[in-house]
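Chains here go by letter, A, B, C, D, E and F, matching the order in which they are written, and residues are numbered from 1 within each.
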Amino acid sequence: MDINLIVNGAAYSRQSAYTALKFAEQACDQGHSISQVFFYRDGVSQGNFLAMTLADEFNAVEAWVAFARDHDVKLVVCVSAAERRGIINQQQQAEFGKPSANLHPAFAVEGLGAMHDASLSANRTVTFR
Amino acid sequence: MSALITITESLFNRPSLYEQLAFASNGDSILLIQDAVLGLQSPIALASFLAKCDVQGIGVFALQEDCDLRGIDNQYNTISLVDYAGFVALVVGNEKQIAW
Amino acid sequence: MVGKKKLLYVFEDGPYSGSAGIEALDAVLIGASFEQEISLLFLNDGVFQLNAGQSANSQPTGLKQYTNAFKALSDFDVHQIFVHDLSLIARGLSQKELLIDTRLLDSPKVAQLIAQQDKVFTF
Amino acid sequence: MSALITITESLFNRPSLYEQLAFASNGDSILLIQDAVLGLQSPIALASFLAKCDVQGIGVFALQEDCDLRGIDNQYNTISLVDYAGFVALVVGNEKQIAW
Amino acid sequence: MVGKKKLLYVFEDGPYSGSAGIEALDAVLIGASFEQEISLLFLNDGVFQLNAGQSANSQPTGLKQYTNAFKALSDFDVHQIFVHDLSLIARGLSQKELLIDTRLLDSPKVAQLIAQQDKVFTF
Amino acid sequence: MDINLIVNGAAYSRQSAYTALKFAEQACDQGHSISQVFFYRDGVSQGNFLAMTLADEFNAVEAWVAFARDHDVKLVVCVSAAERRGIINQQQQAEFGKPSANLHPAFAVEGLGAMHDASLSANRTVTFR
C-alpha cells in the first residue's frame, strides 16, 4: 500500500516524531511504501539541522534523513508553518535576505497543496500529532 | 468506511477524548499510544470506556512498546497489545485513520 | 463528479491560545482548491473558533484576529460547516451567536459524518 | 505565604487542573488566562469550582483581554475581570506565583 | 542556615510523551547545587515518572530511558520527594512500586507543602 | 519590585510568548523592573531570528528584542534546551562546527543556574507555560 504521513508534533518536546518514524520504518519493512512525510505545525522543527541531542538521545532530523535515504521517501516541510517558526532553507535565506538557513537539504519546502496531493493519491493517510 | 482512531493523550489529562467514542462507528478500532497507554495500569480507569467500546462493537488496542517504556502492566484482557507491525496492520485494515 | 473525495477538517481547540485553528483554516483554504467534497467540523472548544463576539485587534502588536476569515469560506465554495450540538451548548454558546451559517449535529450524526469521509484531518 | 495561581488551559480540556484547587490555601488567588477564560461563557461550567473557591476563601480573577479576544461574556459576578495592570498587581500582592 | 529558600519542583506529566519530566529533572539537578531547601512533588500523571517497571532502552535509536536518574537525587542531597496519594492510587500504582523512597501526601498536606514554599517551579 | 520571568511555551504555536510580553511591559510601566526573562523548554524558539511572521501577526523575537532594549532587560535562553531544539548563536556555531546560527544576539545563552540565580534574587518569579 501507499501510505503518506502528516507529522505535527515538535522534535524533542513530543514523542510524535519518534512514533511516526517507528511506524514508517515498520511499514516499509512490511513492503508498503511511504510516499511522503509532510511536516506541519510544530512538526517542521524536525527538519532543523542545528538540533544537537546528546549521544543517547533520539535525534529526529538525523533519523528522518537516514530513513528517507534508505527508503527513498520524500520529506516535506510546510512552507508557511516553517517560515513562521524560523525553519528555512538556503533558497529562502537568499530570497528573504536572512543571514543563515537551518533546514536540512533532505527536506523539501512546499505548500499545503503537497499535503493534499499526497493524501488524495495515497491509500492511507496517517497523522501523528 | 471503518476507521482506526489513534488516541495519544492521557485519559487522566483529557477525559473528553475518551467521550469522543460517541463519534465512532461499529467496526472501528481504537489504538492507544504514548500517554494514552497510562490508563491501562489502573483496573478501574478504563473500565467504563471499554464497556462502551464493547457495546459499540469497537476493538481496543494499545501499543506494546509505549507500555513497556512506561512500565505499564495492562490490567485489561479486552485490550490487545500490538507492536509497530500491528499498528501498520491496523492502518492497512481500516479505510482511514483519525488522530484524536 | 466521479472520484471526488470527502475530506473533513476538524477544529477541536479554541482560538489564540494555540495555533491549531489558524493552521487548520490554512489547510481548509488550500484543500478547497482541490475540488473535492470538503466539510468542516467544530467540536469541543473548537466551537469557540466561530464565536462572533471576538474583539477586533486594537493594537498593532496584538494577536491577529484571524477568525473573520471563516466568513470567506463560502467564497471558496465551502458550505458544509458542521457543529457538534453538545459541545456548543456545554460552552454556553448558541448557533445564532456564530460567525457563519452552520449545521448542528448530535453525536450520532457526527459519527455518521465521520464514517462517510475518505480522509479526516486533525491538527 | 499566599500564592497567585495562574491557570492557562481550558476547563473543558483539562478538568483536573480545576480539581487542583485542593492544593490551594485560604487567601490564595486564582487568575484564569488564555483558554482558561473559555469557561466564563457558560453559566454552569464553572459554578461548582467557584462555590468551592468561595468556601476556601480564594478569589478568582480572569484576564479581560483574553476574554475580549475570544468574545467571552463573563457569566459570573464572583469572577473579577482584570487587565494586565491587574495581573501585575496580583503578582505583586502575593508572595509567589504558581503556573498550573 | 538562615536565608535558605524553599524551592519546589512539580512533575505533572508522564514520561516520554513529552519532555516536561526530563527538563524538570535537569532543573532539579542544577537547583540542588544552590544549597537551598529543595523538594520534588509528583502529582497527576507525574507519578508515572517514578514507576519502577520502565523498560531499559534496548535499541540505540530508541527513546532515552532517563528516569533512572531519579535514583541519583540522594547523591545530590535531595531527599524531600513527595507524591500525591490520590494521584498514585487513581493510576493503579503503589508506593512500593516506585523507583525511589518517597513520602505520600494527601491533598491538604500538598496544599501545606505548597504554602510553605518560596518558589514553585512548574514545567 | 524585581520580577523575573520564565517562559516555556513555543513562539507562534502558543500564546504564552504574547502573554508574558504584555505582562512584562505592564510591569515596567508600573515601575517594577524585570531582571531577567529566561526561556526554557520550547520557549527557546522565541530567540530564533529566522522566524518570519506575516505583517499582521505577532512576532515574538522582534517584540522581545524591542522590549529588552527599551527596558534594559536580560534575555536568556537555556543552553541545553536550545541546543536540543536547534537554536544556537555564532559562538556555538563555531564551537560545534555547525554551518549556521539562528539565535538573535540580544539573547544570552546560559545554563539553568541563571534561572535559579534570578529566581533566588528577585522578589517574584512568574512562569508562563
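We adopt the following convention: contacts are C-beta pairs under 8 Å (C-beta built on N, C-alpha and C of every residue); 3 or more make two chains touch, one makes a residue touch a chain.
What you see is a predicted model; the values in this text were computed from it and never measured.
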{"item": "Intersection of contact partners for chain B and chain F", "value": "A, C, D, E"}
{"item": "Equivalent interface positions on chain A and chain F, same or different at half", "value": "same"}
{"item": "Centroid comparison with chain E (C-alpha atoms), farthest chain", "value": "C"}
{"item": "Cα-centroid distance, chain C relative to chain D, in whole angstrom", "value": "28"}
{"item": "Centre-of-Cα separation between chain F and chain E, whole angstrom", "value": "26"}
{"item": "Centre-to-centre distance between chain D and chain A (centres being mean Cα positions), rounded to whole Å", "value": "39"}
{"item": "Centre distance in Å when chain C and chain F are each reduced to the mean of their C-alpha atoms", "value": "33"}
{"item": "Multi-partner residues of chain D (at least 2 other chains)", "value": "8, 12-13, 16, 34, 66, 96-99"}
{"item": "Junction residues of chain E, two or more chains touched", "value": "16-19, 44, 63, 119, 122"}
{"item": "Sites on chain A at which at least two other chains make contact", "value": "12-13, 15, 41, 57, 125, 127, 129"}
{"item": "Listing of all chain pairs that touch each other, if any do", "value": "A-B, A-C, A-E, A-F, B-C, B-D, B-E, C-D, C-F, D-E, D-F, E-F"}
{"item": "Parts of chain F lying in touch with chain C, wherever the complex brings them together", "value": "12-15, 18, 54, 56-58, 63"}
{"item": "Interface residues, chain B side, partner chain A - complex", "value": "8, 33-34, 63, 65-66, 83-85, 87-88, 91-92, 96-99"}
{"item": "Residues on chain C engaged by chain F in the complex (per definition of touch)", "value": "16-19, 57, 61-64"}
{"item": "Sites on chain C touched by chain D in the complex", "value": "13-18, 44-45, 48, 51-55, 63, 65, 90-93"}
{"item": "In the complex with chain B, residue positions of chain C that touch it", "value": "43-44, 107-108, 110-112, 114-120, 122"}
